[in-house]
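The chains carry the letters A, B, C and D, assigned in the order they are written, with residues numbered from 1 in each.
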Amino acid sequence: MKAFGYVSAKDLEHAIALLGEHGARAKILAGGTDLLVELKHAVHNPEVIVDVSRLHELKTIAVADDGLHIGALVTHSDIMNSPVIRDMFPALVAAAHSIGAMQTRNLGTLGGNLVTCVPSMDSGPALIALDASVTVASTEGQRRMPLFELFVGPRKTSLKPGDLLVDIIIPKENLGKPAAFEKFGLRKGQALALVNVGASFWIDREKSVLVAPRIALGAVAPTVMRAPKAEAFLDGCKISAEVMAEAGRIAAMEAKPISDFRASADYRRDLVAVLVKRALANAQARATAKEKELVA
Amino acid sequence: MTDVTMIVNGQVRGASVPPETTLLQLLRDNFNLTGAKLGCDVGDCGACTVIVDGQAVNSCLMLAGQAEGRQILTIEGLASREWLHPIQTAFENSGALQCGFCGPGVLLSAKALLDENLNPSTQEIRDALSGNLCRCTGYTKMIEAVQDAARLLREESRTQLTHARTEATAP
Amino acid sequence: MKRRGRGIACMWYPIGFTVDANASAATVKVNEDGTATVLTGTVETGQGSLTVLGQIAAEALGIATDDVHVVSADTDTTPMDTGAIASRTTYVTGNAIWLAAEAAKAILFETAAPMLGVKVSQLEARDRKIQVKSFPQRNVSIGEVAHRSQVVLGQPAIGSASWNPPTVAMDPETGQGKPFATYVYATQIAEVDVDDETGEVEILRIAAAHDCGTAINPMLVEGQVEGGISMGVGMALQEEMLFDANGRHINPNLTNYIMPTSLDMPEIAVDIVQGYDPTGPFGAKGVGEPTAVPTAAAILNAIHDAVGVRVTSLPATAEKVLTAIKAKRAAEVKQIPA
Amino acid sequence: MNEHSRVLERDELEIAETLRSPDVDLRLPPVLPREPYPIEPLTPDARQQTRAVGQRATRSDARLHGLGQTKYIDDLSFPGMLYARIKRAGIASARIKRIDTSAAEAMPGVMAVLTGKEIPTNSFGPTFQDQPVLADPIVRHAGDGVAAVAAVTEQIANEALAKIVVEYEPLPAVLDPVAAMREDSPKVHAPNSNIYATKVVRKGDIEKGFAESDRIFEARFSTQMIEHVSLEPHAAIADWDANGRLTIWATIGRITLARADMARTLKLPMSRIRIIGTIVGGNFGGKNEISQEPALALLSKKTGRPVKGVFTRGEEFTATTTRHPIIMDYKTGVSNKGRILARQIRLVLDGGAYCSWSATTLGKACILSPGPYKIDNVVAEAFVVYTNKTMTGAMRGFGAPQVCFAYESQMDDIAKALGIDPLEIRLLNAFDEGSSSPTGQVLHSVVIKESLRKAADRFGWEPRS
């Protein structure tokens, strides 16, 4: 690694002050699993590293009035071990579990994973499918925006120098929304996604139709994308295996994958169709299980 | 330069290093704890695995400064003078390591697993070891060894054997 | 939908090439307490060869594995060795060590014969003793004999030897001849699930039966088989070095060069086939490389069995398998109207 | 949240020792006392048994492995030791017009720079001496080294590599082995043909065999380039002492050959070279020959200090040997009952830029390619071809896994076409004790049918109707 300065922030206020002071000359170190690799490959040559990994206030998982708040420094392992998330959002647990391996999940943070903005990130689709938003802090104060707006392009976020991602919020109305995460990689352990999919919907039990369906796709576009046509198709549809398969086919048409050495665009489209179908089926299974729980 | 102080294998150690020093470099070059290995330098192979505050991490992906004030367990701290850790005994007895280069990392991943779960399933063991690449063993005997170690540890906790153990990670 | 299949593959593999000189030399020194030190120029590369070579020396001397210390891999101090290659160490280096141990033992027998009042030819070394054949109660400890040899008689029990599988030229026109001293044989059978929507192949289990002649150390033989299978799994499904149009590597890292992790490996059941090769040390041949030979073939045959497609280029990535499945379906659709 | 994750404050800690930074020349001695570990009670019984052969004795190095005490090359350091790095060409085929090392040499902490011109005999190789230690002037694959640097830290050495300026004249490259076989293709080692070794095995009368066959099966199979991925990268330390004697600590599987190769490249008597092999952290054929060692030796000679070189993971892929991709054409004639009567095979091995162990691999692949079967009529031809890619060499199986994939795939295709169980067709054709191999060798200790039956039993193989 090229030489750089290093400063460890004591708390959020300190971190924001440091980021305000150093601006574009600084890179933020959270879990470090991506940043250190980039520093070693000289992708970035920052003058200073602002280490925010000690900000305890960003390591909490809590349900507040407006929804579930997950601190940006919550690690993937923390998500896997969180009773709240395990109960409400097994899809987020599945996404976290699919990232890297134990060692990188212990280091890597949710916020860090999102701001890498790599097309194949696993946290993104699961959260987008739940209409997550994020809080960003800077010397100018805090602001809230939809997570979707964070993603601008491959490795490019809408964050400006001096901005710090503080937390991720799943809105109140989506707490407990049946959701699922599906991923396909080139192997089972330490796999990067060739395609990943997050899906969620409510079920109107009286009419037995799908309501507010969300389908988010990863690794098939410059950033995580929604599949609006597939969502529109599903909205109000009666649940059936055929409908889910058709939604998968529609989503596959919407996906904009590229061909690279890992897979061809055609194959990625095939995977989208299959994974969307499976994610929807898993979300439905989740809904059914949850209902049984409630009845019992 | 960054001044760091941390507890390594139960001892407080300090050093003054350039900020770009990784925890792995600090351990190997400054503290002469060469058990953790450099295999890929980017967190793919797990040969550099150490336990920080009870959690297995890739020491090549941490800056030395991040380890300030933390408790580090390296392979050198797993055994004590009187006592081989059951994981070490089990790996030795079942021939679970061949060239041994991945070994320190694998053993510490196994320790992190068994600290949380004394009765892991085969799938849970495979999951815990999936961050440690091994080219020699096909992982088969490693998985057997972790199962053996879990059994040894369960027996030990059942019989309340109070060995004078100096466990570096004890809070 | 997941479809299950099984595939079998067998193989042969040579041990001890003879087309070029393939020598190993060794020295066995029996210490005056009856333990032994072995000098060999081979290198421990993880396979456990130093343990196996120590067992061979111990067996020849009638002592235990723990009584033998093996010194290796120093051109200043250890005798020449062709090296840790070609699955030759147990067979070739093992033979050299066995012969060297026999030479050292001959010195011990010279010392022991008058102690026991018999001829050298009537002696054998067993259980850390030199004893009279068929009369094991007439014995003297190897330690005592070694001490007497070295300290009293001034004849330290040191043996050196070399061994080379006889070098033979092949017919250059027809390639006819005896290119290798011996061969080992093996069979592996794989069971897989193939996801016919994604092409993903999951290997459920592999049964492997390997011949290595006498298994000097069955635990280490199993370790070799299991490790060889993991390389075969990578070859079958995952691993490939890729180049761009200018000949530069695309994936020179372990992120994008996909090799098996613990989650990618199946359950493995290893059997050692009973065998004995009179030309090897105590009947042993070798095992290192052959373990990686039939795995990919067995897996590809299992894929064929599961979904009826023959993937002819490795690795059989999920994409390749799915492409073949789709091509097969398309061909079937075409056949129906005709 | 993890209960352990309380961060201790500095004033809670009592510092036992403080160390200086590593950016000084010398390293500090080890600090942890090495306590003895009890040997006796933990030594498993098998190590104490006589008879020793057949025992599941634990490995003699197992304890040290488990304690993290096994010393691999990168764990060794010597007073005054320097760190070497090699600049890689990054271009597949080129002529070096100019190398300017002056900016690198001027850097503080850089102790020596080496180029190919300074190597006494700048070629090595176990079969043909066709590989340069550092390319001069022809670059034949992207992983070729072009210059080496020794510096007081690895970081400085890395930074120095970036300051070495190399001017290349690009040359046409050939990457496809079949294309490389054509007369008009660019020559990797001009003016020689790219086909650098061939092997033929002929037995019986192949035409007659095919004529007598009821069915003939033809197929083409191909395999990929594979890296050994030893977890320990290639590493060595060279120390050229004041007596003019060179000691090399190396992670290498063939020290006898390594010494001979070092003596040749350095034009040094063998008595002046000592190679010490440490425990190799994985070999699989990838560490069967020297690579950076002559460069390290000369850097040590230039500086009078020990020099360590450890390959990066990237260099493990680009600058070391790999497994041969092979294109395999199989034509097999069988009787309706499933007996193989004739088999014709043609193998084309992608040999990469240098021979390494390709000729050996070629031979083994060719001899083994008909499979472990009694076949009276065989023709197997094999060619290995230079291309402008990473050199291929020895790797676990020397060509056998590739041909086994081909012959066993075709075996199943034949079985399926003839309606014979895959196990049965193998038992029908497999060698017996005393069978004649494709090279006419009378085989002994043949247990292939036993292995087939044993594996089938273990697996629970039942014939399907």
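The rule is short, and it goes like this: a contact is a pair of C-beta atoms (placed from the backbone, for glycine too) under 8 Å apart; a residue touches a chain by one contact, two chains touch by 3 or more.
None of these values were measured; they are calculated from a predicted model.
*Asks:* Contact counts by the stated rule: is the higher one at B-C or C-D?
*Replies:* Counting C-beta pairs in contact, C-D comes out ahead.
*Asks:* Specify the chain with the shortest distance from its C-alpha centroid to the centroid of every protein C-alpha atom present.
*Replies:* D
*Asks:* Just curious, how far off is chain C from chain B if you go by their C-alpha centres, in Å?
*Replies:* 30
*Asks:* If you average the Cα atoms of chain C and of chain D to get two centres, how far apart are those centres in Å?
*Replies:* 17
*Asks:* Need the CA-centroid distance for the pair chain A / chain D, whole Å please.
*Replies:* 41
*Asks:* Averaging over Cα atoms per chain, report the distance between chain A and chain B in Å.
*Replies:* Taking the mean C-alpha position of each chain, the two centres sit 30 Å apart.
*Asks:* Out of chain D, which residues touch more than one other chain, so two or more?
*Replies:* Within chain D, residues 2, 7, 56, 58-59, 61, 155, 229, 279-284, 313 contact more than one other chain.
*Asks:* Two or more other chains in contact with one residue: find those residues in chain A.
*Replies:* In chain A, residues 1, 77, 101, 188-190 touch at least two other chains, as defined above.
*Asks:* Note the residues in chain C that touch 2 or more other chains, in rising order.
*Replies:* 45-46, 48, 219-220, 228, 231, 251, 253-255, 259-263
*Asks:* Under the touch definition given earlier, write down the residues of chain C that touch chain A in their complex.
*Replies:* Residues 197-198, 200, 238, 242, 250-251, 255-256, 258, 260-264, 317-319, 322-323.
*Asks:* In the complex formed with chain B, which residues of chain A make contact?
*Replies:* Residues 1-6, 8, 29, 32-33, 36-37, 39-40, 49, 51, 53, 77, 100-104, 106-107, 188-190.
*Asks:* Could you list, by residue number, the parts of chain C that touch chain B in their complex?
*Replies:* Chain C reaches chain B through residues 45-48, 219-220, 222-223, 226-231, 233, 253-255, 259-263, 265, 268.
*Asks:* What does chain B use to touch chain C in their complex?
*Replies:* For chain B paired with chain C, touching residues are 40, 42, 44-45, 94-95, 98-101, 125-127, 129-143.
*Asks:* Looking at the complex, which residues from chain C come into contact with chain D?
*Replies:* Going by the criterion above, the answer is residues 6-14, 17, 19, 41, 43-46, 48, 50-51, 54-56, 58-59, 62-66, 68-70, 72-76, 80-86, 126-128, 170, 173-180, 182-183, 185-189, 191, 205, 207-211, 213-220, 228, 231-232, 234-235, 239-241, 243, 245-249, 251-254, 257, 259, 269, 271, 273-278, 282, 284-285, 288-290, 292-298, 300-301, 304-305, 310, 312-315.
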